[in-house]
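What follows is a single structure, written as structure tokens, with notes after it.
Chains: A, B, C and D, in written order; residue numbering restarts at 1 for each.
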Amino acid sequence: MTTTRLEAFSDGVFAIAITLLVIELRPPEVERGSELAGALWDLWPGYFAYLVSFVTIGVMWLNHHRIFTQVRAVDGPLLLLNLHLLLWVALIPFPTAVVADYLAEGGDGARTALVLYSVVFLLAGVAFGLLFGWITRDARLLERPPPAEVVRSARLRFMFGQAVYLTAIVVSLIAPVVALALHGAMAVYYAFDQATVPVGA
Amino acid sequence: MTTTRLEAFSDGVFAIAITLLVIELRPPEVERGSELAGALWDLWPGYFAYLVSFVTIGVMWLNHHRIFTQVRAVDGPLLLLNLHLLLWVALIPFPTAVVADYLAEGGDGARTALVLYSVVFLLAGVAFGLLFGWITRDARLLERPPPAEVVRSARLRFMFGQAVYLTAIVVSLIAPVVALALHGAMAVYYAFDQATVPVGA
Amino acid sequence: MTTTRLEAFSDGVFAIAITLLVIELRPPEVERGSELAGALWDLWPGYFAYLVSFVTIGVMWLNHHRIFTQVRAVDGPLLLLNLHLLLWVALIPFPTAVVADYLAEGGDGARTALVLYSVVFLLAGVAFGLLFGWITRDARLLERPPPAEVVRSARLRFMFGQAVYLTAIVVSLIAPVVALALHGAMAVYYAFDQATVPVGA
Amino acid sequence: MTTTRLEAFSDGVFAIAITLLVIELRPPEVERGSELAGALWDLWPGYFAYLVSFVTIGVMWLNHHRIFTQVRAVDGPLLLLNLHLLLWVALIPFPTAVVADYLAEGGDGARTALVLYSVVFLLAGVAFGLLFGWITRDARLLERPPPAEVVRSARLRFMFGQAVYLTAIVVSLIAPVVALALHGAMAVYYAFDQATVPVGA
């Protein structure tokens, strides 16, 4: 089994999850048209959560894509670990919707929403780390085994990401909006990081 | 007609069905933010059903994928039997949503929900069995005909699956949560089974 | 421009439209669990409409697939006519939902729902006919021009389909359930027709 | 990294966004079946917005497709600019739904809805312009660098599009229906423009 159909299926799930985010944005219901602008403005937590989740899923796709260009063979654990990753990616629209609904009201609701959001992102990150760990465990699945220090540095970056997501859980309890901004900053950081690594690396 | 576009279309339906599962998970509506954590917790049947359905569709995709690596030609009945399978796969988000809504309340509602869920899984399994039966009926559609005992053992495993799904229908009437757990156990069993069969087999 | 990416995009729209049909099936809301079985039963127009729309979109995909195996070049009108077809295919979940909501109550509601459903199917059929007509207009876009009588017979079958859809509009005004059954019969007829035409034809 | 998987992912997002438009069309809820026809008729802003958004996304896909046939290499900024474009494309179902809900009532509601719609289209257009600008910045990413006047004329057409979208924002404040029609006219204009440019151009 080559990686072609695995990548196609994964691409499908990434593309659908990223596009489904929009259905959490519902037109507001207002009684008089003059209130629509304000009501649309009040949806800002939804736009913010859409943006952060969109960029995060997009970056995970980029990363997934980059890794699989190096994979030449697929074994059973890889299939399961990939399915496990997709399980968390496909779930992201749910915590995104919870954040959209509860961030603005502040208090316990916003805190709980951001903890949920951060936990799902943490688990998606762990799933990605496990997948990456399996692929780079030895040279069997790879086109050409990368130098040990490249693997080590990539693993360090995964751990850095996990540490930030753990921090985000704590921050969620204090300042939920900051926690969401932290997720956004991480996504942008990874996006530029991904985009500047030489593609063959 | 080669299998390429048939596989692409099937991959699309599998990927969409598996990702649409998440839209059955709706943010709970609570009056005070302090109740959100509890309300999220109360959605556990939704998470449980999401998990079981996700793994089941994922495993069916793996299995579909594995089988079609051996298929070299497509005939009319194969097209129809594949469409018939996709009809049941694409339907899975519906019984999943019914289980998410009615499992927690127990009683007749939970029993009915799990019977529906088990029946749809049984029919998806039967559809898969028919497709597999047609493909392995003789050597016409296959890359290289597998040894008779491999086909026989695969058919036995399909029948074992059907027997478990039939059992799940009965268990649904007694202990709906156990029936859902049984579906989950089946999915995990098949996942590891799929993942450990040598890929060329 | 070859047909590869056009087919991939079209496959995506067909696969998504066919899978989105399920989101029109919503779990019923009942007060006591003992009423769930009856409420699920009452959704039969939804199941019926899901089945007919699923088979119809599936058959249109098969037909689209078959035609494009013969197309070797893409020109501007082909792109537009294909987009026009997809516009109607992607719309099908809407009349399907209207039928699911209004068939059971009978009377004017059911009649109106089935007229809408039949009109959308008629227009999708017309869109398919225009696409097919353009492709077979001359030999420029085709791998090898089919014999004139094959084209003529295919066009006759398109017209036959249009005539049935027109009939369905009339029948909708008298017996809406029969009109839906007529659509189902057409889909099954085309499915077997598609499946028995030699694949290279 | 070649463009294959980037195009596949983008195709997926385009295909899903275009097909998700339909879920904004909900069956109307009427008390007596005899009112269904009128209620369906009252959904005309939904149909109109569906049509305009569908054609616009379709044309953006055509354009995206055409441009990428000339791209031979992918670099980091291209990945990010493409993701940025997809972010706006995937958002389109949201303003489409707002227009569907508020166009008919006229007044401030309709004006606000159309301003939102026009702004999202403008930003999607800007995103497309940035992507196109990056690709044609020099010859590094291109199969064969197009003549300077072709690039200049294409850029002029992008700017023309932006100017029309800016105009549409102003028109939205005066006559929202006309603004939506203007978007529709733009989409049709681009559709025929796309369809008549020689494919290799």
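The working rule: a contact is a pair of C-beta atoms (placed from the backbone, for glycine too) under 8 Å apart; a residue touches a chain by one contact, two chains touch by 3 or more.
Keep in mind the model is a prediction, meaning the values are calculated, not measured.
Colleague: Taking a step as a move to a touching chain, how many steps at least join chain B to chain D?
Modeller: Minimum step count, chain B to chain D: 2.
Colleague: What is the chain whose Cα centroid lies farthest from the Cα centroid of chain A?
Modeller: C
Colleague: List the interface residue numbers of chain C and of chain D, divide the shared ones by all numbers used, and answer same when the ratio is over half, different when under half.
Modeller: Different residues, largely: of all residue numbers at this interface, under half are found in both copies.
Colleague: To bring chain A onto chain B by a C-alpha fit, how many degrees must it turn, rounded to the nearest 5?
Modeller: 90
Colleague: What is the distance in Å between the mean C-alpha positions of chain B and chain C?
Modeller: About 26 Å, centre to centre.
Colleague: Between chain A and chain C, tell me the centre distance in angstrom, where each centre is the average of that chain's C-alpha atoms.
Modeller: That gives a centre separation of 36 Å.
Colleague: Quick one: which residues in chain D touch 2 or more of the other chains?
Modeller: 8, 12, 16, 20, 23
Colleague: Tell me the shape of the graph of touching chains, choosing from line, ring, star, complete and other.
Modeller: Chain contacts: single closed ring, each chain with exactly two partners.
Colleague: Contact residues on chain D for chain C in the complex?
Modeller: 7-8, 11-12, 14-16, 18-23, 25-27, 30, 32-34, 36-37, 40, 50-51, 54-55, 58, 61-62, 65-66, 69, 191-192, 194-197, 199
Colleague: Considering the complex alone, what residue numbers of chain B touch chain C?
Modeller: 1, 5-6, 8-9, 12-13, 16-17, 20, 23, 74-77, 79-80, 83, 86-87, 90-91, 93-94, 97-98, 100-102, 105-113, 116
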